[in-house]
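Two complexes come next, and they have one chain in common, chain A, joined by chain B in the first and chain C in the second.
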Partner chain A sequence: MAAILRRREIPIALTAFFALYMMIVYHFDYPWFSENSQLTKDIQDFARILGIMALGLGYIAIVRLHGGYIARRVKHPQHWFWSLWLLIVLTITTIVGLPIGNFGMRSVQLQYVYNSILMPMRGAMYAVVAFYIASAAYRVFLARNKEAAVMLILASIMMLTNAPVGELLGEWVGATGSWLLTVPSMGGNRGLRICGALGSLVLAWRMITGRETGYLRGAVEGAGE
Partner chain B sequence: MAGIISGRIFSGLFLLISAIIVLAMIQYAKTRGARIHLRRLAALDAIDEAVARATETGRPVLQHGGSDPSGADTIANFSIMNYIARNCARRGTEFIVAARSISGLPVIREIVSGAYEAEGKLEEYDENRIIRFGSPEQFAFASFFMDTVATEKPAFTFMAGGLSGEALTLAETTVLHGSLLISGSSGQLAVMFAASDYFLISEELFVAGAYLSGDPLQMGSLAGEDYLKMILWVLGVIGVIMVIFGSKWLLDIMKL
Partner chain C sequence: MAESIWTKMSKIDARWLFLFLWIVVLAPFIVSISLPMKISALTNQWYNYLNDMPDGSVVLWSWDVSFAGWSEMEASGVAVTKLLRKLMEERDFRIIMIGHRSECGPLPEIVLKDLGMHPDQTAEYGKKYCHLGYMAGGSVAMINFAKDIRSVMPVDWWGTPLDDLPVMDGINTIQDIDLCIYIESGGTAAITQWVIPYGTKLMLCSVQGNVPGQMPNLQAGLIKGMLGGLRGGAELEKLTGFLGVGNINITAFSSAHLVIMAFIVLANITFFIRRARREI
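Then we have the complex of A and B:
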């Protein structure tokens, strides 16, 4: 039974069926077969439930992974103490988020965890990394080759366009920046978007026909041979 | 009104044409057994060399696990992960995945353990060493990734799969620590292009799975994509000429 469930044909067949169904109902409108039909809504609900189940699987995977670090008292790649701390925090957050007694999604306890712990930590992390972004941008925008030199010049013009000092240099700065954004940048971006959309469309067809299987457990023919 | 939805006729037609062309090219490759020649993608060709370099130097290979497992970028990243993991398993090179998505974590486990199994090296698959989970939070993950690069000092880093504002810091850290960086993105184009040694621009990332597989049938689908591109190119040129001469006929057809 387990061997049958692990067969790659099952996820490929499910992918093909649901992808084709969603493609078709996007274009047709029949009472029993449309974007607003009960079947489509049921499938969308089913997808949401599957997403939550995937999150649950991920939760189990995190517990397994960090449980392994704790069990083996590892010090590398990270000290087991931090894994223990992670599991404690994970457990507390899960408990206060469950709809039991005074707890739940709208409970004061969960709001506290979110607003008074997670949000300030998120801001602090950004503040720490923000300065590194500036120094990283400086290193990236060095004129190491012709392409980087062109990007450096254009990025400088764009910075001057958005900075108040640019206005002091003359109207040409704003006009050039605006032209760069609306003509070459827009044109290039549209071309890339069209190619990207085509690429993802063909990727979808390969997945539907079962040709693209790299995202599934199993072999990729010719890997590094 | 029941039937085909107005405003979506052209997109439906294009979808149908795309399916016919892609399937026809796959069939062509199947029946003729023809090896369809594609232009070489330096970024993908460099993967083998980069893994070999990591093996020689005794340093690990690091891969970004992607942020949104349902996004096309991340799915393409998974295909490349499969390839790199197999390559590392075969050569006995240490492989590390820096995971960001909680729901993507089981998928990564399956892909990497499957790759080791396919190479007959399942006993070398040590999940606690290979898969490192950072955080789904953008900048917390960025800090985790930078720490992993600084402590593990990978010889080769591959980054793709829904890169956003933090991508520049990740890329720059890998370069600072002497890692060869190959990345792919359909969003963070300019900075990643500037920061990476090799870069997969937009659709090049989506074709990676097919390209790396070396499977003629998958190559057929890529040839189909090129034909679709030609159709769009011709439509674009005709549309521009028609608009210049004051006709919106093609535009009106596309809005059907």
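Then we have the complex of A and C:
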């Protein structure tokens, strides 16, 4: 029985059914077969529940992974203590977020974790990127050929357009930057979007017809045969 | 053979670059410098569209910005909230705040607290504005929100049922919303889930990196206005008179740009000299 349930044809069939259903109801408006029908609403609620379950699954995966590093700390001498610290912080954040006693979503403790620890640290990590960009700009942004030179010059004009200091050089900076944004950049973006949309359609069709099975990682092929 | 100075410069330790950048970015916070800043056409378009909305409009102030993106979008977030508060007081606008990621339950709450609009600070909360909190479920939740707000968000961020909030009277679906202002740091599904199916008017506050990608939507009329990054927030602050972190940070922003451009110029000079001397 377990082998039958692990066959890859089942998730492929489910993917095809739900994907085709959602695509078709978008175009019809019958009481029992439309975007507003109860079945459609139930499927959408089901999708939200699955997404939240995936969060829980990710939580378990993190605990298993880092618990394994700690258990095998002889094999991972350089970072097992970071895994221990991660699990400690994860546990504290989970406990203060649970609706037990004075803890919970609105508790002072969870707000402290979010506002005074998480927010400044994430901002700091984002700010560190600027330094790496500066270092990369020094090492990599070289005009090795004509195309690279054109890209450098245009990127410099865009940087000057975005920063108020560029206006000290004259009106031409803003005008050129605006033209670059509204003409060549927009044309390129439109092309990218159309290509991306076509690629998404092809990928979706491949997934519906079972030709794209990357999302089935872990399914047992030919089980039960 | 000893390395030439140009070769040494090309191999300079990155930490010296980090130190120089850090000093240059820090300097404007110590020595107050103000640079002239022209208000761009994009910001003017954004501001004029909001100002031209009729009295009594219902505005959905959607938050989809991460803590990391907040360092760039704080200027826009705070300036727009102040502007909406002014429109609420002077022109009877109704403001409904909502978050599309977990950070956007506490983030708007922090802004409300800083502006004295938190329910613990004022009895006016709920009469003309409210904060619904974090709406879990991404695009799927947005689909359901559009059809029936209370099916997805039955209570606000502090647990008050929406039917007990006067601001939510008569607001049941996305079609009861006159304008959605969406602040984001990683794209938005509002165009596909609200604008295209229901014709919802949408204005964006995007991180600078997303501005080129959203320009086709702006030109097609799918979005009515766009504020771009820290510069857009600083321009809005200047336009509205609500000066804040945008105008404080914009000088450091400019100096960082100048430093990066100086690094690029120096690196290219070094590169061309080394190539002329056949060192590479």
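Keep this in mind: the second predicted complex is superposed on the first by the 198 of 225 C-alpha atoms of A that agree within 3 Å, B and C clash if a C-alpha of one lies under 4 Å from a C-alpha of the other, contacts with A are read in each partner's own complex, and residues count from 1 in each chain.
Criterion: a contact is a pair of C-beta atoms (placed from the backbone, for glycine too) under 8 Å apart; a residue touches a chain by one contact, two chains touch by 3 or more.
Bear in mind that the values here come from a model prediction, so they are computed numbers and not experimental data.
Enquirer: In the superposed arrangement, does A:A13 touch chain B (first), chain C (second), both or neither?
Expert: In the superposition, A:A13 touches no partner, neither chain B nor chain C.
Enquirer: If you stack the two complexes on chain A, which partner ends up touching A:I153: first (chain B), second (chain C), both, or neither?
Expert: neither
Enquirer: Figure out whether A:R211 sits in contact with chain B (first) or chain C (second), or with both, or with neither.
Expert: It touches chain B, and chain C stays clear.
Enquirer: Quick check for you: in the superposed arrangement, does A:R139 touch first (chain B), second (chain C), both or neither?
Expert: Touch partners of A:R139: chain B and chain C.
Enquirer: Classify the contacts of A:D29 with the two partner chains as first (chain B alone), second (chain C alone), both, or neither.
Expert: Only chain B; A:D29 stays clear of chain C.
Enquirer: In the superposed arrangement, does A:M125 touch chain B (first), chain C (second), both or neither?
Expert: both
Enquirer: Is A:L98 touching the first partner chain B, the second partner chain C, both, or neither of them?
Expert: neither
Enquirer: What's your read, chain B or chain C touching more residues of chain A?
Expert: Here the partner covering more residues of chain A is B.
Enquirer: In the overlaid three-chain picture, which partner chain does A:A61 touch, first (chain B) or second (chain C), both, or neither?
Expert: So A:A61 only meets chain B here.
Enquirer: Figure out whether A:R72 sits in contact with chain B (first) or chain C (second), or with both, or with neither.
Expert: Once the two structures are laid over each other on A, A:R72 reaches chain B alone.
Enquirer: Quick check on my understanding: which residues of chain A belong to both its chain B contact set and its chain C contact set?
Expert: 51, 122, 125-126, 133, 137, 139, 141, 193
Enquirer: So in the complex, the part of chain B that touches chain A is made up of which residues?
Expert: Going through chain B, the ones touching chain A are 1-5, 8-9, 11-12, 15, 18-19, 22-23, 26, 47-48, 51, 69-70, 72, 75-76, 78-83, 86-87, 90, 101-107, 109-111, 113-115, 118, 127-129, 131-133, 137, 139-140, 142-143, 146, 148, 151-152, 165-166, 168-169, 171-173, 176, 186, 189-191, 193-195, 201-207, 209-210, 212-215, 217-218, 221-222, 224-225, 228-229, 232.
Enquirer: With touch defined as at the start, can you tell me which chain A residues reach chain B in the complex?
Expert: That would be residues 23, 26-31, 51, 54-55, 57-62, 64-66, 68-69, 72, 74, 77-78, 121-122, 125-126, 128-129, 132-133, 136-137, 139-141, 147-148, 151, 192-196, 198-207, 209, 211-212, 214-225 of chain A.
Enquirer: Which positions of chain A touch chain C when the two form their complex?
Expert: Counting only chain A, the residues touching chain C are 35-36, 41, 44-45, 47-48, 51-52, 105-106, 111, 114-115, 118-119, 122-123, 125-127, 130-131, 133-135, 137-139, 141-144, 152, 156, 159-160, 162-168, 174, 178, 181-182, 185-186, 189-190, 193.
Enquirer: Could you pull out which chain C residues touch chain A in their complex?
Expert: It comes out as residues 12, 14, 17-18, 21-22, 25, 35-38, 40-41, 66-72, 103, 105-107, 110, 136-138, 140-141, 143-144, 147, 151, 158-159, 208, 211-213, 215-216, 219, 228-229, 231, 234, 250-251, 253-261, 263-264, 266-268, 271-272.
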